[in-house]
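Accompanying notes for the structure given below.
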Amino acid sequence: AAEDVTFGTNWLAQAEHGGYYQAVADGTYEACGLNVTISPGGPQVSGRPLLLAGKLDFYMGGNLLQAFDAVQQNIPLRIVAASFQKEPQVVMSHPGQGLDKWEDLKNAEQYILGDEGAQSFFQWMITDYDFDPAKRVPYTFNPAPFIANPKSIQQGYVTSEPFAVEQAGGFKPNVFLLADYGFDTYATTIETMQETIDKRPEVVQCFVDGSAKGWYNYLYGDNKAANEMIKKDNPDITDEQIAFSIKQMKDYGIVDSGEAETLGIGAMTDEHIAGFYAKMVKAKVVPEGIDIKKAYTLDFVNKGVGLDLKK
Amino acid sequence: MTVTDTNSATQVLDPEEARRLRNEQLERIGSFVLPVAIMVLAIWLWDRICVWNEIPQYILPRPGVVLQTIHSDAALLFSSLLVTLKITFLSLLLAVIGGVGLAVLFAQSKWVEMSFFPFAIVLQVTPIVAIFPLINIYVDNQTAKLLLCSWIVAFFPVLSNTTLGLNSVDRNLRDLFKLNHASRWQELWHLRLPAAMPYFLGGLKIAGGLSLIGAVVAEFVAGASGQSSGLASRIIEAGYRLNAPRLFAALILVSLAGIVIFLVLSLIAHLILRRWHESALKQER
Amino acid sequence: MGKGEKPLLALRSVGKTFSNGVTALADVDMTIREGDFLSLLGPSGCGKSTALRLIAGLMTPTTGLIDWDRKAGDDISVGFVFQEPTLLPWASVFDNVWLPLRLKGVSRGEARPAVMELLERVHLSGFENAVPRELSGGMRMRVSIARALVTRPRVLLMDEPFAALDEITRFRLNNDLLELWQDQRFTVVFVTHSVFESVFLSSRVVVMAARPGRVFDEIAIDAAYPRDAAFRTSQDYAAFCQRTSDVLGSAMNATGRSRDDGH
Amino acid sequence: MTVTDTNSATQVLDPEEARRLRNEQLERIGSFVLPVAIMVLAIWLWDRICVWNEIPQYILPRPGVVLQTIHSDAALLFSSLLVTLKITFLSLLLAVIGGVGLAVLFAQSKWVEMSFFPFAIVLQVTPIVAIFPLINIYVDNQTAKLLLCSWIVAFFPVLSNTTLGLNSVDRNLRDLFKLNHASRWQELWHLRLPAAMPYFLGGLKIAGGLSLIGAVVAEFVAGASGQSSGLASRIIEAGYRLNAPRLFAALILVSLAGIVIFLVLSLIAHLILRRWHESALKQER
Amino acid sequence: MGKGEKPLLALRSVGKTFSNGVTALADVDMTIREGDFLSLLGPSGCGKSTALRLIAGLMTPTTGLIDWDRKAGDDISVGFVFQEPTLLPWASVFDNVWLPLRLKGVSRGEARPAVMELLERVHLSGFENAVPRELSGGMRMRVSIARALVTRPRVLLMDEPFAALDEITRFRLNNDLLELWQDQRFTVVFVTHSVFESVFLSSRVVVMAARPGRVFDEIAIDAAYPRDAAFRTSQDYAAFCQRTSDVLGSAMNATGRSRDDGH
């Protein structure tokens, strides 16, 4: 019989979770013996404690930094795959306000950034690009303050906020993908506890492989069933939004670019991670001397699974 | 000094008396008309502010738009309102049970109070956002999670005010019970609880609003989604989608619910106290 | 007897029915002249306190009218001794007595001599810093009396002021009150249950009957002022007392009858 | 029935009296020792639960670890605590001013109360998270934002209880003031406000905790960054960094601050009321 | 005179100093025998109410001891009429009178006859559904009296129960009380300010002096019971009253003197 596992995402159901929904919808997970339930997160909910407490088997991590933190806190948590090669995190500004270049962004009056952002990439922006910590105000997932203040900048996912701003504000914001300016973390990782890896490696492997296949199918195949599922979990999402997200993911090479093109979706390499870590150490976002190898394992990825599905 | 006539104000000559009567009449009319008028004025002002300052709709929509949205999104909004109200009432109920229960416990002895009040304070001042992950881990049922959160927000005023009321009993009455060898429970039931009633009802009025806001905040934190979600989800979602009219429609519904809850609780308080407590007595004239 | 004969105020067929339907007073006619010392005597619950509140303007009659002398002006100062002490529980004895002056803008220092003198008169010197709950029942009542007198009001309404006092203090205060009254020529409406007290003090005794409360009879006490200990032992006094007692007795019986009427 | 001896309990024979005396003595010792003992017990239980259930430190750290963290991170945590406390006190102050001010306004007339109370309720039940974007657009100063948010959370209990108190004044005393031609303000100042004191102080005790939680929530919502950030930032940061010991250390500090605020407010209430109000009187025996 | 001579309780050099430093009683010795009708008479503030509270066990003396007859057992039922009415403001008159029985587990129905009879006795029939604030001062006090009697207590402590009542009601209730007392042979400690009342009712009058409160003298009223209207007009009665008045006068003077001592 199929083994029940639960995967927690970090947001309401959306196209950025498409690969996983796809794998559930078309039975990819089931094929290798998993009965996966997707448990959506939300703006104020963190699913990670549930993973730590064993209530979730897998959790969708944001970027690598938290995995580094986990090592620091001696938490046996590991990244087993990285669905996104680039974090879709962007910073937006109003066009024509003297904020059209990345270097100028720090001159904005207000940086509207969420708590997670403030704890991660913003630290890097401060040390590497001289952003002023005092200008940050929290992002409550409502873009109105950004639209109201043309001298402000705001965080967002390349797949969502630019669309929302365009729809409501009636202008196309400048979009700066952090990954393009050096914040080259993997993102939308699959995290699990060491215990799961030790006791049920086949489950992990199945989930990683299934997810990779799911992503290929979602991006290049027929994703109708997955989208239906997404809309069921999040009734407020629109088809245009989903379409926009998929387009952006493709355009910016969020999922399928770089190493993933040869090693398959989910790919990670020691070099990439070490490089990112070095940058973050330099930016004083994380301390030196963390044994980052404990943060991830390459045992389940880089096997080229699903490359054949890419059309 | 005072001249008053049989059922007629026309013959009244004394200016002070006349003023009093006029005031009274005004009061009577005013107490119905004015709140409505002021409300209308406030809404009109809101509208004007939007127009005068050219505030774009996605920041602060005009009241008309919000009203329209309430109408057009009625199905969605009211089903969400219902979900939120369900949590609100349950948590208010729990707040009453918990608050009064603890207050009664604390009234048993000074040292019980001193020993356990700190825990009540800890509950009151712990930010739900911070401990929600723990709740999330150990409580499985979504409704239970929401109830726990909003109970934590709402119970303290009931507890605190009821405790105060239980301790404010007239000393002679307490002596009377003592002389009649009343048991602790008799004293509680026949003396302390009725005497604490005005304080308890005051606490209840505070808790009413808090349990509503608690229900909303709990949902913010616990993040229910899907069809069965309450107004908080609507607010978050609308905020994210920059659907300001719907956001404000949801907020207005929360506010209206708050006002209705307050009015209902005030009415209950009035009915209970009207025969004996100053705060609810009609002044005999 | 006594002082001025101008009618200061008149109750004209005054009736009072409370919102719970109890008729406390029905068709009460009463004239109070400037300088009167009027006692109200009557069974418990017959509406004496209600009448006093109506006169003070603290309630309005349901029927009839209370007619104040226009010329007396609007600012007649009224002193009221409630049936209960009615003190500010958080304020000291001194502050409680000071209160009416304070409300008139008199500072603590300015008020001090008057307050202290009155406290002396009601035998409460030394207690000015006590709060009401540290006083005995009679002491509280005396604070209330002092407070009513401190403004030297033109009309003094007293609701059983001396009921909680021992007889000797009561006699003393009776004498004090009479003295003050003769000095300052104010008007007193005095509720009491003591026939002796009413006869000793007043120029007129109004006897009320109950259910509904009404004026049963009025007795003029035609004895000269000043009245002193000698008066208390005089034949006249005994006769007045006897008469008043008799009237009160009939009033009580009238009450009894009207109760049987089912009123 | 009752036998009592000169300053000595040894000759007491009457069992009821003996019991009473024993109880009193117990009470006296208990009121100091027991709260501490119970607190210690609770902490011990927390520790045991962690051990028995093998709860990993990153979910619920043992109290020892948390204490150590408080010690090792003292500089960071206490400077944050100070920031939070500053907001707390300011917002409590504003809650008192606003709450009492509004209550006084409402006490002026029934129709003022009926007209404006709804707005107070709206403020109480509006989720800060939802209206923060608006505040953020129109308020520039960070401290002002924080104060506004935590004031919204804290003012209502003061308002509600004070209103109740102002309306609970003994009718005879009100008549006394009327007879003395007291102005509205004199009546307010010399009668209504002192009479409302016990109710107000009860509301204050509730508001104390709420303004603390308000300060924390405000910071959660309004966010402060950099060195000058309060405990909420520490909590968020610790949560994000999976640093559970520090998270709980910050929570413990919030709780302790809450308890201390409550004790201080209780003491103030006791000092103000001890001479006249039942709730604070020592029973004469 | 009168009934049993067993000492029911004795106050042995009892003193009471309040926490604010006021000494209400000092060195009070008093013996109360089973079946006594003892009146306490004394100036306002001399500690009569305090003495009553001490006897009732509502306070404990600061010095001395209160010695109850061991054999009398622990469960002596005590009825107490406080100086203020002390009613439950939210409960109807009926419920207020029912209360002591209710606390003993007597249901409303069972209690009804006893309650209604007492309300009739204190002339409050028809008011059983009123709440205290709808009553006059005297009516409230009568409710309180009815409540104290409803359990037929073995010891009845009354603190100026009739002070707020008119003389005729007062006389009636005096007679009623005496009748009950002779019937049921309970023990009464009765605080009053009326010399007449104390002489008419009691077997012994204890006169107290103030500052500090102490027993000044004791007068045995050696007149036979039952006492009736005839007794009120007898020579004996007048003589007792005169004597009691005189003693009270001296007690007041003693008070005055001791005040000058600076006590």
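All chains are identified by letter, namely A, B, C, D and E, in their written order; residue positions are counted from 1 within each chain.
In this section, a residue touches a chain if its C-beta (ideal position, glycine included) is under 8 Å from a C-beta of that chain, and two chains touch if they have at least 3 such contacts.
Model, not experiment: these values are computed from the prediction.
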item: Joint neighbours of chain D and chain B, given as chain labels; value: A, C, E
item: Where chain A and chain D are represented by their mean Cα positions, the distance between them in whole Å; value: 42
item: Between chain D and chain C, distance of the C-alpha-averaged centres to the nearest whole Å; value: 48
item: Centroid distance [mean C-alpha coordinates] between chain C and chain A, Å; value: 86
item: Distance between the centres, which are taken as Cα means, of chain E and chain A, whole angstrom; value: 85
item: Sites on chain E at which at least two other chains make contact; value: 18, 57, 78, 84
item: Residues of chain B touching at least two other chains; value: 59, 129, 133-134, 137, 170, 220, 239, 247, 277, 281
item: Of all residues in chain A, the ones touching two or more other chains; value: 46, 49, 53, 140, 142, 144, 148
item: Interchain pairs in contact, sorted by label; value: A-B, A-D, B-C, B-D, B-E, C-D, C-E, D-E
item: For the chain D and chain A complex, residues of the former touching the latter; value: 56-59, 129, 132-134, 136-137, 221-223, 225-226, 236-237, 239-244
item: Residue ranges of chain B touching chain D (in the complex, touch as defined); value: 26-27, 30-31, 34-35, 37-39, 42, 59-60, 109-111, 114-119, 121-122, 124-127, 129-131, 133-134, 137, 156-157, 160-161, 164, 167-171, 198-199, 202-203, 205-206, 209-210, 212-213, 216-217, 220, 232, 235, 239, 247, 250-251, 254-255, 257-259, 262, 277-279, 281, 283
item: Interface residues, chain C side, partner chain B - complex; value: 9, 18-19, 57, 59-61, 63-68, 72, 74, 76, 78
item: Of all residues in chain D, those that touch chain E in their complex; value: 1-7, 14-16, 282, 284-285
item: Residue numbers on chain A that touch chain B, as the complex places them; value: 12-13, 40-46, 49-50, 53, 55, 140-144, 147-148, 164-165, 167-169, 232-236
